[in-house]
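Next up is a structure, given as structure tokens.
A, B, C, D, E, F, G, H, I and J are the chain letters, set down in written order, and residue numbers restart from 1 in every chain.
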């Protein structure tokens, strides 16, 4: 048994029962972004959360334990993703990567935007010309230190 | 002569003269994100913009013409970026890619978030525990059509 | 269970029963291109369509639900396809890629031809020197916006 | 000296003088698709065509000879193209590749659509919801022979 | 079930029963090269041929149907083959590739040697210094057309 | 200076002067295949041959010495060749690789067809349905030895 | 001009004048690890440091400015390093990677060891059986946050 | 049966029973780093150690034998690791690789730091600004010999 | 069933019964290098040898037949091996590759050292400073022929 | 200036003057294998050796200094070498890699054969059936240590 087995079981239950990620997140009491990432095998739940998740998706006690083990992260099967929705994000990094780098350094100096002390919020923004996906990424700036 | 030559000349001038991207954007009258991407060879300027850019960085008339040619886009030398700041963005796509996909589909159905009808806004968010980089990405949702 | 399982089951039933894609498309009431892509795990059916597909290929109710889940897209096992028919298309992109880019930009300016607001029509064109495959690709032009 | 040098010289002249591919094609008397591909180093001109191209872009007699040498083809710097416009074509092959294969085989049997006995026509299709890029690809069907 | 399953079943039966490819080809009434490629999952048999193959290797009626489905071609597990016999062929392409290109273009002009309208004949050539493998490849020349 | 410089100089002279490989081979007194491969930097000439080549292409004495140095072989810029003519050969290896392996082993047992004790002959075969490229590859069979 | 030019100039001067990294670090007043990384184009100096570095290696005022620009980081030419000394480090990550992950998570929970709030100290440890290289890596633990 | 099966069985038992690596190491009587690496399939246990491991994780006698077989090492599924914690180590090699090389050569001359005669010690270092992960790597210096 | 299955069965039996390769080689009556390579699926046994191997490892008659089939060779899962012992050999090829090439050409002229008419002998060489692995590789020189 | 420049200068001088590696090695007083590797940019000379090399190939004092700098090692342009002579060595590692691993472990236990405390001797072995290349590789066995 491994974490992938749990992820597959969760997704299979989700499809069979028609569960939404948003409803799962509400029951867990955290954002839909973090909870979904956890269910997809990218984050680590604590015991109480694992129990809630387990009840929703019908996981055994042992399977709930796996939700509490830190997983080997990375959710994509190839270095360059083939799925069009995910590729567009890869393309943003490819086209705007050096721009993001320049502007963060211009504002903050040498360092990075953390992908760990990080949160993400995905919302629908109504627009008469076609609704938009708005995503707010928030990461702590971590300066390179001299030593 | 090609667009890369122009990009290198712009960056060399920027370092030598201590120009900031923000000041360039102000003179062009557009966002710092789009203007910087353009100066880094990822976007296409119109004639008037090219003239302003040309004056700031000391470009010849022919070099200004290159700014108006649609460039071959993609700003990174390797499929998986090595630079730590840019890698963190690649990591966000890698770790959260399937989550982003799930949540956009849950909200909008099958389709993508456009990387063309798209804008980005990078701002500093003061925080007593360490200032944060906040980035708002806004892309039009484009539904897959049945035919 | 995952979408691949459904795709394999569909193909196995197709071979065993000698079903044609064209006949499936007729029953669904849409183009053979879109319906085939859907059966091969690249598009998302709605409930009514899934039921029709399910009846044709003998899918269970749960399997029909999978047809309504947005799949992780990309139908090829390697970045450069080895199958000669598909490779020729890759070769067209390789040999004509920069040409396509130049001509679309010359006509429309900076932007892309959408692969989402997109349709494809494959027809046989009789020709005394050997019949031809004619393919019409139609994609909305999406201009890069300045912001 | 090699064909790449000629291609770069042609593009440099094109930008400097504001030449359009369509006007070049008209002078050569062939389609804009084939002529542009040739100018970008993917096709082979005959002596008369090379002279016309040479005059337009200011090429020497020796440079015109290079236009008549069959080039090493393939116009993209990476196996998976990074440029968004060209990537969308790669994505079409990735997402629809198995569909195209199935439908051509269903209609014609085992074989391929030629990328050599091939032509392409790119046209703007006006559309109130946004103009479209329509591309007609025509390739001779070549059947695999038994022997 | 898929074509690979059939190929594996054929090879397993071949080893168990000590069948030679040459004897299979004779029964099918075609060359050993084409028939072997077909049995290895690279070519498409018609109904009559599939029946003969099926009888030799003990395939069910459904498995015989799979022999009549056009397979996804490409018989090697890696882009650069590791098997020494097959690698030598890759090496010939690598070392002589540009030579083959130059000489075919010198004789025929721009175009290719078809790998579809193609046949191959592998024979043993006795030689006192050590017998040789002689292979004749025959492919129709296909000229690039101007349009 | 290196062998690539010599190869480029040879090709440049060939284009400028309109020299054919066949005429070079005749003057050297060997096959067009071997001589072309040598001129393209894949084979090693002896002193007398180098002098002849040198005279044809206008090489200095030092450049002629380079023709006598064993080159680092491999004539293609990428593992999977992008040029359509050369790719067709790669495709033959990909599609027929396991077939070639099976048939050589069936005839000769375990071993390989040499790519060193090897010759190649490319000829035009007139054909009313379109002339064909016929290529004879001849390689010594080298058996694996037990020890 | 770019940062690589500066790095090459520094290394050329270092070899010509026999400068040691340790002596440079002393003049800058920081660790030899950080200062060397900076001179090799991986860290960003401030104005005062750049002046010291500039004097040591004979850099112009403009070149000193480049030392103050945040570089595109990543010092290796290939994803898997070929140099034996550096490869051993890659091997440690390859062999011990999952062990390091397990033990840090066992001690700290889900999160990472920072490579930004990070320092390194390389020292010689005398040993009668052969001196050892001792390296102390110190990185702040950054916990994944729930949100 | 192979070593991977044993590793998976160990990890499954670890999760089910809530065993810590540290407690395993104590029972084996060696460092937690080496013992964990061994349990993860990277090191070779002797008979006595295998028995202890076997008792802890419930391995059969045959499974214990596999612990004593030297494994095929390398614990990561991809050349560039996707897991953020492990990637940070890859990044350290990427960013500091040339620095490490320079400083070891400056101190020791040409040679490497052994990854075989090697040990590692991972400890928590309390810090008011956030605890740190301290790792001491110790590898024998092995000089290149002249011969 | 395929050759890999046989190889895995052999290795599983070897571990369970504590068989050494040397003892297998003695029973077969050939070198330990060739016999081990054969048992690991890289060489082809004749009927008599297969019987001996079969008896040692408990293989069925059908499994023994597989030992007599020429396998698809190449024993490593990745182009660059991750196992430290095997990597060192890859490193020797990487570091000394051009040296080996130069010296063989200096002695023999253009050609290769055969990996087919080849033998290998691995022996322990006692040494007070630490025993050494001595490996003798012997390959027939095969000259490139002119034709 | 960098080490590659020196290597190229050495090779250019070698070709122009017809120097043999063996004669260089004799003057340096070490093996032809180590000295050639050094001249090809893979080993580090001391001052006295650099002077000798410098005199033979006409290197300036600064260039001789570069011979004393530890180079970034790895002599091949691609992970899988294309040159046939070098590829055969790669093939030996590929085909015999697991065999070498098994036999060294059977004799010595867990550990590696050093590629640093290593020597190589390439000799011609006369043989009536064709002379052979014999290569003796000698590497110290380095055992993995438990800690």
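Everything that follows uses one rule, which is that contacts are C-beta pairs under 8 Å (C-beta built on N, C-alpha and C of every residue); 3 or more make two chains touch, one makes a residue touch a chain.
The structure displayed is predicted, hence computed values, not measured ones.
Student: Counting C-beta pairs in contact, which comes out ahead: B-C or A-H?
Tutor: Most contacts of the two pairs: B-C.
Student: Compute the distance, rounded to whole Å, between the mean C-alpha positions of chain C and chain F.
Tutor: 41
Student: Let me have the rounded angstrom distance from the C-alpha centre of chain C over to the C-alpha centre of chain J, please.
Tutor: Each chain reduced to its C-alpha mean, chain C and chain J end up 53 Å apart.
Student: What's the distance between the Cα centroids of chain F and chain J, rounded to whole Å?
Tutor: Chain centroid spacing, chain F to chain J, equals 29 Å.
Student: Just how far, in Å, is the C-alpha centre of chain I from the one of chain F?
Tutor: The separation of the two C-alpha centroids amounts to 31 Å.
Student: Where in chain I do residues touch two or more other chains at once?
Tutor: 33, 72-74, 76, 79-80, 82-84, 91, 94-95, 98, 101, 105, 111-112, 114-116, 118, 142
Student: Could you classify the connectivity of these chains, where an edge means two chains touch, as line, ring, star, complete or other?
Tutor: Graph shape here is other: it fits none of the named patterns.
Student: Would you mind writing out the residues of chain C in touch with chain E in their complex?
Tutor: 8, 11-12, 15-16, 18, 78, 80, 82-84
Student: Which residues of chain H touch chain B once you look at their complex with the stated criterion?
Tutor: 80, 82, 84, 87, 91, 94-95
Student: For chain A, which residues are in contact with chain G within the complex?
Tutor: 30-31, 33-34, 43-44, 70, 72, 98, 101, 105, 109-112, 114, 116-119, 142-147
Student: Which residues of chain F touch chain E in their complex?
Tutor: Going by the criterion above, the answer is residues 20-22, 32-33, 36-37, 40, 42, 73-76, 79-81, 83-86, 88-108, 111-115, 118, 120, 122, 124-125, 127, 129-142.
Student: List the residues on chain J that touch chain G in their complex, please.
Tutor: 1-2, 62, 65-66, 69, 72-74, 76, 79, 115-116
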